[in-house]
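Each of the two complexes below includes chain A, the first together with chain B, the second together with chain C.
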Partner chain A sequence: MKIIACLKMVADPDIAAFDVQKNELTDLYPVMDPIGHQVLEAGLQLREASGGRLTAVCLGDATAEAILHYALHQGTDAAIRLSADELADTDTWARAQTIAKGLSGTPYDLVLTGAASADSGSSYMPAALAAHLTLPFSTHIVDIRRSESPGVTVVKKLPHGKRETYNLDLPAVIGCAPGISIPRYVAPFGRVYRQGEQKAVQTLAVELPPERTVLTRTVDVMASKPRVKAGINITALSMADRMKMMRGELGTKKEVFTGSPDEAARKIMRHAQLDSTDK
Partner chain B sequence: MVMVKEVWSFLETEGDSLLDTAVSMATEAKRAARIFHAQPAGVIFSEIPEEFIDKLQSYGLEKLYCCRQDLPLAPEIIAQSIQTAALDQAPQFILFADTSLSADIGARVAAGLLRGFISPCTDFSTEAEAPIARKSIYGGKADALIAWTTPPPYLAGVALEALESRTVSNDVRPEVVDIPLSPLPPRNRLERSWAVDLSELDLTEATVAIGVGKGVHPNQMPIVEQLAERIKGVVGGTRIAVYDGLIPHERQIGTTGKWLDCDLYIALGISGAPQHVMGIKSVKKIIAINIAKEAPIFKFAHLGVVNDWQEVIEHLNELLKIATEKAA
Partner chain C sequence: MSGLERVVFWLLLVAALGISGRRFIFYFHCIRKGSGRLPHDQPVRRLKAVMIQVLGQWPNFKTASIKDLAGPGHLLIFWGAVVLALYFVFLILIGEGLHISDSIRSAFAARLLLALCDIFLPLLAVGMLAAALRRSIRRPERLGPDFDAKLFWTLTLSVLLLVSCHLAFESLRLHLGLNPTGPFLTRALAEWCATLSLTNDQAALLYRAAFWAQYVLALTLIVYGTYSHHRHPVFSPFNIFFQSYSSPGHVPLVDFAKEHRFGASCPEELDRKQLLDGFACTHCGRCQDSCPAHHTEKPLSPKQLITDINRCLLANGSGSPGLVRTDQPSGIAMETLLSCTTCGACIEACPVSNRPLDSIIALRRHLVYEGLFDPGHATTLKRISQDANPWGMRWHRRAQHFDLPIARADEHYDCIYWLGCAAAFDDRARRIAEAMAAVLKRAGLRAAILGTAEKCCGDAARRIGDEGLFQKLAMDNIHLLNGHDFDFILTHCPHCFNSLTNDYRPLGASFRVVHHSDVLRDLVRSKKIELHPAGGNMMYHDPCYLGRYNHGYDAPRSVLRAFCSDLSEFERNQENSFCCGAGGGHMWKTTEKGRRISVARVKEALQTGPDHITSACPYCLLMFEEAIQTVAPEKSVAVNDIAELVQMYMR
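And then the complex of A and B:
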């Protein structure tokens, strides 16, 4: 199986901060998107299970090569950096179009991406990439297996421990969710690392089509402000009440019960509706 | 004829019930409709009994686009059906909750309609008469204001933390409009739906969780596990519980552990240190049992019980056993 792992370079989400005085994002240190580690490992495991070739791909400037060298050290067969002019001021759709064009010369059965990135987290890349490549896709996937029928079997993660199993025709795009794999440890200067060290990152200049479309535009970046929900008039609250609200002490009526253990157990049954519903 | 602009919200259902996010998305449609002077509508893929219509009316919806289906559908089919309906009805907005299913469908519809998909949004506004979405970036450290550069429909995913359920007085009975199911064969076939075994379930995915703290001795854990089995809960706990070997590190709740978003949390022998309490802020119902009446956890618990937790839980286990036998 020929697999492509699409990796993204983001500003380290743990370090990035917003300077309210300068009104701009600061401390932007480029790193691989955290989900990329799991995408890469999922690709490596699939290659080990069904054979084939794994290629890591990253769209970006020369700084993205550090990510691709890491991918080679982890055991990928090849690494391609897609370079394109005017990547700034583009959106997910335009970046997906660039990646799709960059992949046109590379054979693939499966294209893996993260379901949502740590910087924007829009969940749009798998769909946009699949649209440009005219492939089926599945996203929020936590398990991928080669199935007996043509294609792959994937497990989609839903809330509250629910899962759905799908059969997906190949070639396809898969958006990987956190939990799909646990990245392996590759010993520095070990066999796999040294093999990766001998490989070079290939750079591919992508000619952007003149009809490239940008569907959304960032107007401004500003300090985070959570939504003020209806029913909570913050301006009417005293500072003490605001602090209580932040600590979760405000709002719902609290009750402290001091009766016997038997009465307490009955009260919990009623309060949590454990007797009436099958939790 | 003047076309009334509509704001559509995709409403998730499970079996024969509306999910909490569906109700919140109905509220969101009403809210966005007020901002953009439009009519709030819902899009639903299930049978639609009268109680659904009553409930969604009380949350402000005035129209329901319904594809009557009682079988679970693949996201691809739902997205294609919404896409066809959107081309036909030309809504102003189509909103999706930022859940794995809705976000998947939203992204598919957006890609199919050649539109941008802005997610997870926390708010909407207008600037120079054009709609603007506010979304958090870098895990909530900053917000970006993003505009669509294409004509309507504008597609967006709404962050779950921004959602709320709010009933309104609505005399307008929602008009039900049937939409057809896409006849295209899916390339992504749903084989089965299943649930992860409770022993392997991550705390962040649990509906019911039980927390253990310093007041729980390792010998008492079987009672806790029995309760967890009966109420189908997942056992977690404080940092002290991890140090005492009661639970593994991945079951730690709090700032340095997991942040819960479950319906019910039962805290046993937990005093309520701020680091732990931060991790249970989003829980809908907290019940705390602690022998110390001055324990800070009682400030946050919806029901606090001042008693020996072991005695209370033993009684509770008995009551649950009787209730199960009665039900059987």
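And then the complex of A and C:
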């Protein structure tokens, strides 16, 4: 099976901050989109299970080569950077159009993308890409298996934890949801890493179609609300729980009560009453 | 001896030495298959070590106690065997073989040797008998798991028979008037022979029988020894001479520009010293007995590991099978290698200077090269790789809101306080750093931290076997530290201390790194901080990376004695200390067999009921706190770092 894993470079979503004064994003550390790690791993697992070839593809400037080198070190067979001018003012639809054009010379059975990226999160890259490639697609997929009939069996994540399993004919586009895989660790200078070192990132210049359509434009960006965990006796926790807490997987949500002292006290009392009622 | 007898005598000798010699040449070639050269710098120091460890048998006494008299017993066997070997060479091979016995025996040295035989050979017999009885009755666990008691009894009886034949031979020689006189035991036996009313012919026949019996037995034992682990008397002195003087945790650098792969997948990829270990191993099991992983039923025995490597080396004629068991039935299991906490107790305990830990790290590197990980280790390495800490926190959250300034490149500091990942991310471990910061402020030291620029020191990655990740972190940290102006680096974490001190040096670092126990001791001594006397009993635990790795035994105790009058020790302390179970990446390992090492250590402490368990390592502290909650949550035993206690009792 010939698989293509579409990766994206984003500003580290945990670190990027919003400067309210300047009305712009700051602390932009370019990293691979977190879902991209899982897309890549899903591709590697599928290739290992059914053979074939896995190619990592990324649309972007030369800085994007870092994640393609990472993909090669992880064990992909090839890596292609799609280079196009004037990407700055484009939206997902136009980028999908560019990627589809870039893939025209590469054979594929399955194109994997993230269901939603950590920066724009529009969630429609799989659909847009499938539309441009005129392929069937499915998104929010949490499991892909090679089926006995032609095609693949995919499991889709539905609201409230439900799962839906169905077959998808190939070629197809699949949007991978978080949880599809646990990315492997490849040690620097290990066997797989060394094999990746031997391979080069191929750059493919893609000319944007003059008739490209931009469907959406960003008009404003706002700062996110902080979430802080608190209220835990550290020494009473096991190591596992302590680490969970550190990662924000354990603990209660901290609330900040504002207003005059009386007002804040009333809010605290009300909150405590609600809390005890919940318990 | 008649002419025919002489021919038989020499033929037997040539046959025995030929068989043994051929085998030893094979062993020699096996060792030469290893990489690198045997360390041989400081020859005087090495010779001294041979004298102390071999002739003085010091390591055997070091571990001796009323409960374990195997060490002194070995002394009897060792010196008995030495005297017997000298007797065999000078009085049998040269004297009897060349028919110059009478002239040799008249020399003072020969008479002295015969007198020594009368003293040491009975002691050899007693030592062997005691060893055999110990193996049959007490059956020490450390001699297992594949100890063959029957074989040892056969060996013991052979030695007893050899000693008896020797005494019979010498006493009959005296009885027949072939010797003018003899030492006390021989003389007494000769007098006893006189009371047996033997005719001269009978005595002569017995004399010849005793001679041939001892000769054949001695040759048989030489051949047997060559093919069994009792070859160790030959190899141990060499192993001690060529021992490594680096700290127990020393790990050789890999030059990734030159070496395409790293780690050892087969015995030939280990170095020569590591291969020599297998030949020198006495199978005494002291390493196994001191191993925390083995003690807590994990599938690791350093002794078994060394013998498995040796077995694998000897088994292959051309092209060795893989050492690590992944898809093959033989070899060392991956879980065995990953069970090691790298505490170095096996190195400390070994009487012949074996270093099982070095082989474990080499084999672990091979696992990493092949991409074989414990799931917990894989997650941890991924976290370190992405966020430069094993805690799984994003790197930009390191050391937030800490009460020391972030170091600036254009300012001079007395010390850079290297927080380490534990204090930077774990709220409990952070209290150590906060306490230390308070002490530094009180003492007036100008200190700064490195904030988010600091990265994991790479200790866990290196001990797990991920040399590539370690070197990446190390180079980044060295580059960072080189950009600052400071007198010394202070750290409270022995793992960071060991990395910054020992592991970074071959990469070009030349910083002065000081553990906080040393700083605290100096501050107390110079009265820059003064302490209230503390009540209650405090028990100090030696962190492996501070104690065994860097000999930091006195400083923490000195600090504690400055305010605590009731300082007690664990039963196993200092060089014999027992690991907390966190080292070597164990803190992050998910699948664990057997009991928990930290719980075993805490139970040892609770036997004497201290009020405080103190340590000088954040990992030990976290492990013990968790273990106390597991094993005795009702007990009010506090676990503290020495810095926390100093802050607590600071005036």
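Criterion: the second predicted complex is superposed on the first by the 219 of 279 C-alpha atoms of A that agree within 3 Å, B and C clash if a C-alpha of one lies under 4 Å from a C-alpha of the other, contacts with A are read in each partner's own complex, and residues count from 1 in each chain.
Quick note on the criterion: contacts are C-beta pairs under 8 Å (C-beta built on N, C-alpha and C of every residue); 3 or more make two chains touch, one makes a residue touch a chain.
This structure is a prediction, so every number in the text was calculated from the model and none was measured.
Judged by the touch definition given at the top, the superposed model places A:T165 against chain B, while chain C stays out of reach. In the superposition on chain A, A:A130 makes contact with chain B only, not with chain C. Judged by the number of chain A residues each one touches, B leads among chain B and chain C. When the two structures are aligned on the shared chain, A:W93 is found in touch with chain B, with no touch to chain C.
Of the two partner chains, chain C is the only one that A:G190 touches; chain B does not reach it.
Shared contact residues of chain A with chain B and chain C: 247. By the touch criterion stated above, chain A contacts chain B in their complex at residues 11, 13, 16-18, 25, 91-93, 115-116, 118-124, 126-128, 130-131, 136-140, 153, 156-169, 172, 177, 179, 213-227, 229-231, 247-249, 252-262, 264-269, 271-272, 274-275, 278-279. Contact residues on chain A toward chain C in their complex (touch as defined above): 14-15, 27, 183-194, 234-236, 238-239, 242-243, 246-247. Of all residues in chain B, those touching chain A in their complex are 31, 74, 76, 98-101, 103-104, 106-108, 110-112, 114-120, 122-123, 127, 132, 134-150, 157, 161-162, 164, 166, 187-196, 198, 201-202, 205-208, 231-233, 264, 266, 274, 277, 281, 285, 287, 289, 293, 298-308, 311-316, 318-320, 323, 327.
Note for the complex: chain C touches chain A at residues 254, 256, 260-262, 368-371, 373, 378-379, 381-382, 385, 391-394, 396, 425-428, 466-469, 472, 587, 622, 625-626, 629.
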